[in-house]
Structure formats: C-alpha cells, structure tokens
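Heads up, the next two complexes both have chain A, just with different partners, chain B and then chain C.
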Partner chain A sequence: MGIATLPDIQRWKGLGSSMGEILRVQNLSFRYPEAAKFAVRDFELTIKGGEIVILAGPSGCGKSTLLRAVNGLIPHMYTGEYLGSVSVGDHKVSEARMSELAQTVGLLFQNPENQIFMFSVERDIAFGLENLAVPPDEMRTRVDEAMRQLGITDLAQRAPHELSDGQKQRVALAGVIVMRPRLIILDEPTSLLDPKTAVELVELVRRLRDETGITFLIVEHRLELLVRIADRLVVMSEGRKVLDGGPEEVLADERAAAYGISIPPISRLRNQLKRDGLPLENGFGPDDLAEELNREALGR
Partner chain B sequence: MYWVAGGFIFRRVNSPFHSLDPRVKLLVSAELFVVSLTAYSVTQLAVVMAVMLSIAAVSKILKRVGRTLIFSAGFSVFIFVINLLASHSLLTSAVYSVRFLAIIISTSLFFITTSPDELEQVMKSAHLPRDVVFAFTTAVRFIPVLMLDAIQIVDAQKSRGLEVEKGNLIRRVRKMVPVLIPLVVNSVIRSGELAEAMESRAYGAVSKPTSLHSYSSTKRDKLVAAGSLILFIITVYIYVRFPTPL
Partner chain C sequence: MIEFRDVTFVHQTGKTALRDVNLKVEKAEMLAVVGENGAGKTTLVKHVNGLLKPTKGTVLVDGEDTTKKSTAELSRKVGIAFQNPDHQLFSESVEAETAFALKNFGFSRELMDQRLNWALQFFGLEEYRNSSPLALSGGEKKRLTLACILAWDPEVVILDEPTVGQDAIQKEKLSGIIKMLRSTGKTTIIVSHDIEFIWPLQPRLVVMSQGRVVADGPADTLMRDEELLEGARVMQPQLVELYQRLRRRPDSPFASVNDARLWITGPVVR
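Moving on, here comes the complex of A and B:
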C-alpha cells in the first residue's frame, strides 16, 4: 500500500511547481449507462503542479462528470462507456485503486454536509487515514496539522450539526488535505457560502497553494471571486473543452459570454475600455484597473 | 419539533459516569435492566429507581431522563389500566407500570451518556462487521440533519398553504405526503453523495482500519465494573433468598 509515512511530509511539501505535470486528460469521452449523449467528449486537459485552474460552464455541461473521471469515481464507481485516458501524478486513473487515488487526488463535493461521516470534527478528518490503516500516532500528527492549516483546531471536538456551513466546508477540506493529495478538486465550493465566507475560502485556497504547492482544480460560477487567484480558466460546453487560457484572455474572448459564462463586471469594464482603444494590461481587482487608469492619465 | 429532536441528539457532559469506558456503562446499564425487569415488589422497585436516579443525578442528566419519562408516561398509564382491568389490584398494576418506567430509565442511562463515537467503539469491540458499524454511526450522525430537513420542508409546505395541524387523523396522515416525498428524495440524493464521498476517502481500502482514538479501560473502569457486578449478584441473591410481598 502506498501510504505516506512521516518522512514523506518533506517530500510532499513543496511538491508542485517543481513537479511538472500533475494531471493529464487525454481524449476522454464518457457516457453514463443508458444516457443517450456523452456527458464528456474528446476532452483534453493538462495541469501543471501548483496551478490553480478554474473550470466553468453552463449547468449540465459535464463539469462534475469530468471531476469524477479525475478522482476515479468514474470508472471505478460509475460504469459506462469510457474512452481515452486520465492520469494523475504517477497513476493511470482507470487502473489505480481508489485507495491509491484517494492519496493523490482529493475531491471536495458541493455540499459539505454529505461528506462528513463522523460524530466529531477530528474523527471525521481522520476518516480517510483510518481507512488506510495509518497508525494512530501518525494519524494524530497529521490530523492536528490539517486542523492547524485550516484554522479549525478549536473545533476538534464539535459535532457536525454544531458547525456553520463555512466551518463544515473547512472540516471537509481538512479531511481531504490530511490525505496529502497533490491535486485537490473543488466542485462549486462557494455555492452554499455567504459572500464573506466565500472570499475567505478563496484566500484559503491561495494560501494552501502557496504553502504546500498543492494544485487546485475548481469548478465555479462566481468567477469574480476566483479569477484573481486563478492561473487558468477552462470553459466547457456540452461536454467539450471550448476555451482554455489565462483568465484575463479567456474573459476577454467574445465567445466566453456566448458559452454562458457570466463575465465579472470589472472584466466587462476592462474589455469595454480596451475596445475603446485604451492600452490596458491585464489584472483583476478594481485596484489594478484604477492604477492602470491613473498611469494612463498621467502618461497623456 | 426542535424539542423532540433534542432528545435524540447526544450532548457531551463532563461527569464521572460519562467518562467511564463505554463497555462499563453498557454493563452497568444491562445490570440495572435485569434488576428492574425482575423486581417484583414496591420496595425493590423503589430502591432500584433510587439507585438509577442517583446515577442520573451524578451524570447531570436528570432533565433528559425526565423528558424520556414523559414520553413513556402514556404507555405506562396504558399498562396500568390494562393490569387494573385484569387483576383488579391497584398495587400490582402500579408495580407493573413503574417497572416499565424503570426499564426505560435503565436503558436510557446508557444511551444518553454514550456518544456515537463510544457506541461505535462498543460495536467494534463486539466484533460486528465494519459495514454494519459504519451504517449505524452514519445513521446516528444524520439524525439531526434529517430532522432539520423535515422541519424545513414542513415550513416550506406550510408557507405554500399546507395546514398540517388541521383535520382528522387520516387527513393529517395524507397531509404528510407532501412532506415525506421531498424528505425521501433528499435522503436518496444524500445517500448517493455519501457513497461518492466514502469511495473518495478510501473507505474499505483495508480490512482492519485503525482508529484515531484508542479506548483503554482504566483502573477506575475496572473497579466500577467489579463493584457493580458484586452489587448485581447481591441484589439477585436478595431477590431470590428474601422474597418480599408486594
């Protein structure tokens, strides 16, 4: 069994940018049994270690299906017509066991409530490690470390029904982080959060990436929040990848809106100003734009 | 509704009884159960009740035990009436109905003071299959979630004009349909997502999973276990040797 032991921590930290490719989806097509259409079609995607990649697209376009194919639920739990291949780290997803994949890819589902099993926060975080028969001492250290990273140490003894939505999500995320995955997938992580908590989550993702080098693949509709920390924006439509690039260029692309992507207001403003002939560079926050406009004004 | 739900939700309390090894709590509870079941006189029942209520007091759970008793009161009255009709003896009927309450208290002592984590531990040490234990703990974990679901659905349907409290019994049952259907649908969706999350977190990877917490009996646990066993044997001896009239 490929269970990470203590000396592995060092290796695990600072993985990422030095790692090269972490995910490779090659020509993937998948059709659920008895479904008429392929949910994902001819999909190509490579992600480098340490990147934060956003996956966007209209409802039903196959985002969750793609995520399942990356973490192994497809084809290990969902059978169906499967073409092409997916590799994560050193594993070929269709051939690796779920227990190996669980230590390479972590998936955070949309509703954190349904991924917390145990009666106390710390027991739940330990769930994956217990399943891998990690010795209790090492488990203790890793659980404590995960709680510290997510700032939930004081919740250790709480029961799930005593937590707010934001806290539940952190607990669920801790349960994923504790497995020391190299890639973490978040499926619409902000959809159940209020704006303030959502912003905190985005900051948390950025911090985790910077501290641990973990790669993030995030399905999200609230682009204005995430686009600031993203390295790439991938747009999907009807099972296919239709746009892929730096978030600024993808958001500047005329086609993005046509694919049902809601362009954040600040990007719309920027695009408009560019069309009006202002030579703007790319940046995201209102501050960036203000600064550029100031510079522009002084330059004239 | 919340009040009912509260009765099922475990709360952590610091008490000398709560902190016992769950297996010892189970033993004590089982002993009290037998002693309640076999008590046949007012004096015996009074003593057993007094012992159990003192344990409840020490465990700071008198209120919750009281709540359980209120729930069982209806059934206890029913037992009383049936026995009264059958035996025409007030005393016998009283003994039967109080004995029923004693049995309820003896079992609730265990369930009120034992966290789901500890229950899981007890089940594991009884060598129940992992899947059975997990199904049980998950069920307990989701009781509050489902209760909240139900409350929210009732509220939502009420705001659309459903009047749950009105009408005769059949009508009321019929009115539960718009509540039950979304509840069932919710639960099915939930269980699908749970299955995905289990798979994603390596459930079933090894046949013997480890546990974050290890429970070991302390000297105190052993003392309590031994002491309660001795008391139990003495009580049974007294029951048999010195039968008292009702």
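Moving on, here comes the complex of A and C:
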C-alpha cells in the first residue's frame, strides 16, 4: 500500500457519492420476442449515488428483466421491443459497450458458487482485472484494498471451495468491488445464508456504501433483514412500478401485501396496532417496538 | 420410523459432517432443522433416503438399516426436494420429469396420468407441461421438484430450503402444502434458514451446529433460548424477540402474557 493509492481511493469515492443520479430509467417498456405481454411497462426509476434501494415484487413481476436492462444484457444480448431509455452514470445502456457497462455495474449472484472458480481467493478476486489487462502493480493494490474492505485479507491464499458460505459470498463481493463499479446489483443475497451470516452481510453492505459511496440495488424477498439499511423500497407488479418510497412508508402501505410483498411480522403487527389507534412511530425492529409499547402502556 | 443411532459421517475429503447424531422421528411428525451454514443439515437428510450411508453408527427407516437397502428402494418411501433444483431436473419436459419416478416405481399408466395431472395442476405448472424444466424460473423449478415427489406419494417428505426464491404468495401456498402433509399423516422434515417461515408452523425443532444436534424440542420453547440460538447462528423470530423484550422489564404490563404463540395470530395488547 503506497501513497499512490490515496488519491485513487478519493477519486473512486467521489465517483459514487457526489455525482447525483447514478441510474435513470425513463419510460422503459420491454417485450421479449414472441411474448404476448410487456415484461416491463412504462417504468420510471431514478437512483442517486450512494443510495441503497430494495426492489421487491412477486415472481414474474419483471424484476429480472429490469435488472437485465440495467446491466445491459437487455438490449445487447436479449433483443426485443425496447421503448424508453436506461442510463447508468454517463452511459446510455443501449449505446454503451458491454465492457464499459461491466466496469460501471457490478452483479453479485444469489449463489456465490456461480461466481467463484479460481484456485486461490486473491486470484479469484483479480480475475476481472486480469481480463481488463490492468497493470500488475495497480492490480495488487486494488485486490488488497478489496480484501481489506471485506475483511478477508487473511483468506488471500486459501482455496475458495474450502471456505464457508458466508466467506464465499464475501470473496464473490470482493471480485465485484475490485472493478470499482458505481452501482452494484445484489440478487437475493441473503437467501442461502444462515440468519446471523445474513445479518453480517447486510451490515457489510451498509459499511461499503458509507465508506465508498457505491450505490446498491438489491432484489430480495426476505425483507426483515434488509429494510433496516435501505433508503428506499421499490415494489413492482406486472411490469410496472407500483410503490416507491422510504421502507417504513411502503411497508405501512396497505397495498404492499396485496402486491405480494412479504411484510415482516413486526411491520405487520405495527400496522395493525396503528390501525387499532395506538400512536406508534415508524421503526423496523422488535427492539424499537417493545420500547414504544412499554412506554405507551406505562403512560410515559 | 426414522432413527439415527450414534451416526458419524466423514466426507471423502476427511471433513466430519455429522458427529454422534442421535435422533428419532415418529410417523406423522413435522420436524424443522436449523443451524449455521455447514452445520450438517443437508448431510443429515441425505442419510434418510440412503444417498449417504453413515461412516459410523446406524440409520434405520421403518426399522430397516439403510446400508442394507438401495437408494431406489428408500426413495419410494422418502422423497427429498433439494435446495438447488438444477441438481434434480434432467428430463426434456415438465411432464416427463414428473412421470420419471412414477415410471420407475412401476405405477400403472392410469394411475400415473392421474397423479401427473394432479401434481401439475396443484403446483400451477400445467401450462408448462411440454416446456423444458430448464426454461422455468427458479421458483417454478422448486415447485416442480416438489410436484415430482408428491406425485409418488412418499411417506416421508423432506424439503431442503423450500422458500429460497419464493415470493410471499408462493410461501403461503407452501405453508399450506406443509400443513396438508401433516394432516394426511406424512412425516415432514424441513431444512431452512427462514425462521419467519418455520415458526408459525410450530414444528418440533432440531438445532444443529458443527455436525452435532445441539437441541431438540418444541419450536416455541427453543426459539426463546437466546444463548442456544446465538451459538447456532440462528435468529429469533421477530415476534418472539418482541415478546421477550416486552417481558424483560419487571414493571411491564406485558410481563404476564405467557404464551408467545399468541403473537402469531395478532396483538394481545389492550
């Protein structure tokens, strides 16, 4: 780690945090060839640099199609009827080269097994940089930095297949971070993790956002863990955006359950108590609610 | 009907995945297995249909030692829907996939058609009858693996992480299926990290950690044991945590609420 890395990091941080909008989806509609219906319809979404946004909705609501339109697989690989536009940073997705997009948008798969394949953790993390022919010195610096940010420096020489599932997920995420994307898409990141490991991942995402200003777009069904760190919750149904706001607000919206969203039990109870007339604030955890209920009942 | 006697399992790599496991599951019981990633949960259930045989100890299914039975014989009794459906689906169409085991088990043409139609209809897969299983979404694939198993009506149904990739509507349906299995006298074993899904089912809970069974008892009791759950990297269900936090203060008006299960159905707050 020389002095040379410092301005580098600052430049990178600046990219994410200070440039306003990172994603702009304008009036997007997309229909796959031979499909009767549009998978995404009249979709509008703007995400600011450094936001953590959860995208939720029932199976088949168009989430995967939207993600493909963000990372460029649509329209570069999947063609079809494409209306409107998608921009990530300075790139208009439909016009940018896939190699440019790959450096702007990072994708972490649900199952890290699909992403990890080299013989050592550090080789695995370096893989994307090797493909870009990044000079060895810079590669070393960036791989070390990614490992440090994810707390896996001590795993550098280990074989990925020997690691625990939580560690594998960190390695896969390091392989994404090392490319210094401005936007990272996480596809159901906690679904294969035990609850405590899932909580650790959620905290890690928050810390990465705070430290680097990277923007996160997260698709997830299991909301109870992620709503605590999210700035926004966007709900899709039948290809359209139907709800978009602060997670507390959206989870308190009676329409959310009707759109097939798993409302975490505490939010469900909180909503019910509020409807019954208890003057509760907004919050997510059992801890907040217990405190409020005790305070309320004890008349203080 | 299922019994593990001092079972230890060592993988070819030398890694010990199960250590001295003793477990008895009666007919028609519903069991949920929880614990950290790598605790041995999947290894445990693979012993029930003989996919794995113990390195030490004995596994008995209906009183018979699994080492003396073929996996094919055991599969007739024990159906497992694995975590990753891609490891399980291989036929050219959804219909052929569902028919595969029925054919192998020698079902008559008539019974096969009847079961096939029921299963595809029940799981909302009829429209994909002639599609390749690989063309289905992740959630649909999981439903197909379950349809395939329920079609041959095994006595024991094992679901490994059934809620992964399933939205709220599908989860609710799945919960209904599990209740149906229980009401028809099937033995059901669910392996899952999804505590909020498991808890309302109120199963018998087996907590595993580092290859051992560290606790075995009613979910309602074990889910209150914070120390136990912490050690196995399991979180408390949100409503149980709320219940315990409400009772923690001695002056709390909620201190007298004695049944955490009340919180499932709704608030008991006045």
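The rule is short, and it goes like this: the second predicted complex is superposed on the first by the 280 of 300 C-alpha atoms of A that agree within 3 Å, B and C clash if a C-alpha of one lies under 4 Å from a C-alpha of the other, contacts with A are read in each partner's own complex, and residues count from 1 in each chain.
Just so it is clear, a contact is a pair of C-beta atoms (placed from the backbone, for glycine too) under 8 Å apart; a residue touches a chain by one contact, two chains touch by 3 or more.
In this text the structure is predicted, and so the values were computed from the model without any measurement.
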Chain C versus chain B on the shared chain A, clash or fit after superposition: clash
Chain B versus chain C as contact partner of A:N114, first or second or both or neither: first
Chain B versus chain C as contact partner of A:P195, first or second or both or neither: second
First, second, both or neither for A:A36, with chain B first and chain C second: neither
Which of chain B and chain C A:M77 touches, first, second, both or neither: first
Contacts of A:H221 with chain B and chain C, given as first, second, both or neither: second
Segment of chain B that clashes with chain C, given the candidates 151-159, 169-177 or 205-213: 151-159
Common interface residues of chain A - those touching chain B in one complex and chain C in the other: 111
Touching residues on chain C, where the partner in the complex is chain A: 35-39, 83-84, 137, 139-140, 161, 164-171, 193-196, 230, 233-235, 237-239, 241-242, 245-246, 248-249, 251-254, 263, 266-267, 269
Chain B-facing residues of chain A, complex: 1, 68, 71-73, 76-77, 97-99, 102-103, 106-107, 109, 111, 113-120, 122-123, 126-136, 139-140, 143, 157, 159-161, 175-176, 179
Complex contact set, residues of chain B against chain A: 9-10, 12, 115-117, 134, 137-138, 140-141, 144-145, 148, 190, 193-206, 208-214
Of chain A, residues touching chain C in the complex: 57-60, 110-111, 164-166, 188, 191-199, 221-222, 224, 257, 260-266, 269, 272-273, 276, 278, 285-287, 289-291, 293-294, 297-298
